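What follows is a structure written as structure tokens; I'll ask about it next.
Residue numbering begins at 1 within each chain, and the chains themselves are lettered A, B, C and D in the order written.
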Amino acid sequence: MNTQFWVIQAFNGVSYGALLFLVGSGLSLIFGVMRIVNLSHGAYFLWGGYIALSVIAATGSWALSIPVAALAVALIGIAMERLFLRSEGFEYLRNGVIGLGLGVMVALAVTAAWPHFIGGGWAQFGAVTVVAAIAAYFALSRISLVPIDNDVLRQVLLTVGFAFLFQQGALDIWGGNNMDITPPAVLSRSVVIGGIYFPAYRIFMIALAVAIGAVLWLVMERTRMGAAVRATVDDAQMARGVGIDTNRVSMFVFALGAFLAAIGGVTGGAFLGIYPGLDFEMLPLAFAVVIIGGMGSLGGAAIGALAVGLADNFGKALFPEVSYFTLYAPMVLILAIKPTGLFGRE
Amino acid sequence: MTSRLPRKLNPLLLGSALALGLSLASNAQAEELRIGFIAPVTGIFAQIGKDMTDGFQLYLDQHGGKLGGADVKFIVEDDQGKPDTGVIKAKKLILQDKVNMFIGGLLASTGYALAPVSTAEKTLYISSISSADDLTQRQLDKYPYFARTSWTSSQPEQPLGQWACDQGYKKVVTIAADYAFGYESVGGFQKVFEDCGGKVIQKIWPPLGTKDFGPYIPNIKADADAIFSLMVGPMALQFPKQLRAAGIKKPITAGGTSYDEFVLPFMGDEVIGDVSALHYSAAIETPANEAFVKAYRTKYGKVPSYYSENNYTTAMWLDEAMKQAGGKYPGPEKFIKIMEGIKLDAPRGPVRMDDMRNPIENVYIKKVEKKKMFGYDKAELWNTVIKTYPAVSQFWTYGKEKFLKQPVYSRDFPACKYCE
Amino acid sequence: MTQTMKIVSVAAVLVVLAVIVPHSSSFVVLLTTRAMCFAILAMSVDLLLGFTGLSSMGQAAYFGVGAYLTAILAAKFHFGLGWDFWLVVLMGMAIGAALAALFGLFAIRASGVYFLMITLALGQCVWGLAYRWNSLTGGDNGINVTNRPNFGLDLTNERTFFFLVFAFFAASLILLYILVRSPFGRSLEGIRERELRMQILGYNTWLHKYIAFIIAGAFGGLAGVLWAHTNGLISPETVVLTTSVDSLLMVVLGGAGTLVGAAIGSGIVFALREYLSTLVPWWQYALGGVYVLTILYLPTGLMGFPARLRQIRGASTKNPSKSGDAKKLASAPS
Amino acid sequence: MTSASAIGDAPVLELKGLCKSFGGLQATRNVTLRVMPGDRQAIIGPNGAGKTTLFNLITGIFPVTSGQVLLFGQDVTSWPSHQRTALGMARTFQVTSLFPKLTVLDNVLLAIKGLRRSKFVMWRFLSSYKDVYDKAYQLLENAGFLDRKDAEVRNLSHGEQRQLEIVLGLASDPKILLLDEPAAGLSSGESTEMAEFLMKLDPGLAILLIEHDMDVVFDVASQISVLHFGEILETGTSQQIHSSAKVQEIYLGTD
């Protein structure tokens, strides 16, 4: 265990932490503003990676895949937030989406039950779908949604439901192969300093996280929207009182969170791979970042990510038998002592 | 009374009515060969499950849906990649669908979980992927209705140990997924390699599912001549990439799943030259294999993995056995007897069963190369066979008696004598 | 409906279940047995969620220790396979309770979303140990429990085993029902509604929540013991986050605060996941859809369905006010 | 209104130099107060004067920064709420804080049980405790709620909820009752009703009252303290306070 060992392990831990920052900061902001524990966040990460793969397959451009994937997932985030996590507005669209989903399922069920009846034909399948969807739409329109804005548990469970749907959706769209995002050749090399190899990609991840962190910080500190977000994190009721449109803030933050998670997915895709199940692997780690760093705090997320990255890395390198325990036990202790995390505000 | 039924009761009543309905629905099927197939159709292993199913289905389709003259009812059940779900699905197949046999199971732990079901329900279970060593070794007596058409985990790694020794490697570091499959693979490699005079000087066990090898790679001892790796699934893609990026250029000899055709198409050029061992390679240059690869690729758009081949061969085995049984399923004991007597010329090469119902088959030492094969016009990564160990048994050259006296390969056996 | 009527109707359904299920196909027997194990777990979650207002995301931990205890004793020491099975049942409940007593020290202080997060972290600790502590848990391979107990009753017979699990299920239901109707149970409801007020009324609410947490842990452990023998294989998969989330969903699906709802919820989840999955490959969409629809439109679960129906009918005849009063209520400071 | 404070031997509640600060904000400054058995005292003051904070300190919801709270001569400064209640103190809340989804009867049952050991019993139905039920019926009858005992609390009118709030306070047979704006949100008619309701209470019960509605205060309380910026400015009888120039100034100056 010479210096070289410690240097490279610390470097590895920091670069892993950089990736975790991308995932964790979005989750942390969403929590801070909306008090929602978003269990779909891992799915955003995964979908970011898959969409990037599709973009690369279509255009061959890795650089293009990052913004496209991030924006696409941000749109998914907005749709989820507007249609399902907020109870007001978009009733028609929400009922429409759910109705369509139900319609497809009814059609699938009919196909499974009476294959001779509508077997194979897309037209028949479509007809059954449309009829069922319309029926479902009208049935749903008669039922008023029970708002979930103030119900922590129902929000969590709703995001779990979506996490399952996203997981199966990704499997059906992109298949179950273990895939990998290949970054440009420049990033596949290594930088050698003092006989130690520093993989360029890990350096890139650190640089990206620092850059994004800086931009986020500027947005939070210098823009009106940033100020509104900070005010809402501090005290949502007060923020509403002074005329901040917290509704818009929450939409912005949800989109931003999804955006960041997707960037994490593209970046992480070249480092962890993209495969089914990645979503639920990343989720607890993102939570560890948020919990340790403190909910709703950007600086906290950075420190939490660094702490988790290093703890995970050194835990696995030095105490493999209890490596996961060493990750989650500090989480428990921090929560028990300071429920809002190290840098979180009540 | 019924009209005044309490409202809160309705869901419960509905439930029991449903249960009743289900019970009536499970009527007997018509006379035919009913085969249950257990594979992950959803969840994180879904694609492997698809490869498995596709391999079997391809053979069925090529033979008009019949095996040995009998119409086949092929029922795929989704175990979601979980052993306990596999058990319940096996029971569903046996109890409700009244299958003659069930096939499949991906993970070693699924194999260990399904074998007892075959004993309890007196139904034939053919393990077509799951490779847990002991099922056809020290524990075979417990499972009279069990046979295997695939491999044991240590079966290809034992010749690989010999091959590594023959290359002149003296010191090897092993890095393998921390679960039974990893233990058995490393154990087989280490035993033979050390019996030949080599030394395993370090064993690293990253947990199953590791993708960031950052904590482990810097630990690899600098004085090793080569690295033995055993990766599965997403791990396989990341390990060689991160190893090379960390500046370690040592040769890799690996367990089969680290480079098999399931992961190979998604790998980068840094894996060219890496060596692995398995009982199948899609690049075996025989007419039987070429035909299989082409048929499979035409139908499913991808090169078959060993998951596909093993199930294709399983179907071929059943076909032959049913032929010999005269097209009528003769019951598990008799059927296993027939299967034991069959010699096949499969895509993977000649294969037959030893007296512990595990295949004796070729083991291929393969090197990743980028080239064109079988007339495909694009240069791709292929597992070129560089050496064939013919007719390898699960006991390698040790002989059954001697082999079975040692404990099953594990994290601690063989002990790491040269680790400090 | 009066209390007596409710009791009578639930009892009637239980009797019907006990009569019908053993005569249906073995697969249905198996499924029902499994669902009933989870029903016990879900009822333990309901004690916390529905009656005390604590949403625990770590209930799989107690389930897991109960199951691992049983599996390790059976596989390594051949203990608990005869009359000593009953000892294992007690030990399983004790270890679940003991773990809950430990975790409760950390968790009970927190409330709302923080309680949810800390129980999630605690559950993950147990998962981490199950996954990595190879020498004890067998790591990712898990532990196979090949033999079921035999004490005069041969539990390898699925129908006999069904009756055993059924008995435990019914007993848990009855015990928990008595508990929630007892002075202690009613005090939990008070805590759920307004904890501060309860303190002012002279209740040591921390202690009440702590006791409820431990009791839930004990029933979680019991469910785990039964699950070890039902499933025959215990692996880290048993203790993953999804198990905890599933048990919560079962409660919400059936209706929190009803006990029976938890059982119905587990029945539905198992029917979808283990029966529907034998019929169609897209069962996961159905499961996800059921979750989303229940949460959005049926916050009181299926048990609350009749009341919700009345409410909808009432709303459509009157002026469709945008469910404003529900909101007012929820936003009242506590 | 004629019965002046019955002078007992020892104060039921005594505050000595009570201070509380939140961060930099001094919410309570050096409050000293004494309530004797049967006293009817009120604390008035403008919004944000720290009245509710003071109640929270007395009942142990917030820890004090410095000073002492004595209940029946015992120093309870560091005791949790439920133990203080056990000594014979009860309070109501400014914002109604009943158990909205439970029935009126259940609300009262919970309140009665708070000080009984049977609250830990988990093997007997609550309904088998006849004495608890008898007492609940008694309380409800006295308060005129018996006919609505099975109504869910959230369906009661606001005025009824405010009254029930006090019934809950009385359920533990307290010797001192802290009332936090019992007339909050009530119409003037309802306020009068509330004042009458309060005046009917057992004269041996000491009451400490926070209230904005001066009519209620003057009806119920015989001694009034004025709180301003966490500090007691003046204490006196209703007439004294009524005519105090300082009090006028505060109310006109801040409102």
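The rule is short, and it goes like this: contacts are C-beta pairs under 8 Å (C-beta built on N, C-alpha and C of every residue); 3 or more make two chains touch, one makes a residue touch a chain.
Just so it is clear, the structure is predicted and the values come from calculations on it, not from any experiment.
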item	value
Chain of greatest Cα-centre distance to chain A	D
Distance from chain D to chain A - Cα centre to Cα centre, in angstrom	49
Euclidean distance of C-alpha centroids - chain A vs chain B, Å	34
Length of the line joining the C-alpha centres of chain B and chain C, rounded to whole Å	36
Distance from chain D to chain C - Cα centre to Cα centre, in angstrom	41
Overlap residues in chain D, where contacts from two or more other chains coincide	none
Two or more partner chains touched - positions in chain B	42, 178, 207
Contacts with two or more other chains, residues of chain C listed in rising order	131-132, 134, 284
Every chain pair meeting the contact rule	A-B, A-C, B-C, C-D
Touching residues (chain side chain A, partner chain B) in the complex	4-5, 8-9, 12-13, 15-16, 168, 171, 175-180, 182, 188-190, 192, 197, 199-202, 271-273, 275-278, 281, 312-317, 320, 323
Complex contact set, residues of chain D against chain C	59, 61, 80-83, 85-86, 90-91, 93, 95, 97-102, 106, 109-111, 113-116, 118-127, 129, 132, 154, 168, 171-172
Chain C-touching residues of chain A, taken from the complex the two chains share	31, 35, 37, 39, 84, 88, 98, 101-102, 105, 108-109, 112, 140, 142-154, 156-158, 160-162, 164-165, 167-168, 280, 283-284, 287-288, 291, 320-325, 327-329, 331-333, 335-336, 339-340
Chain C to chain D touching residues, read off their complex	178-179, 181-187, 189-190, 193-194, 196-205, 208, 211, 215, 329, 332-334
Touching residues (chain side chain C, partner chain A) in the complex	49, 55, 57, 105-107, 109-110, 112-114, 116-118, 120-122, 124-125, 127-129, 131-134, 241-242, 245, 248-249, 252, 279-280, 282, 284-289, 291-293, 295-297, 299, 312, 315-316, 320, 322-323, 326-327, 330-331
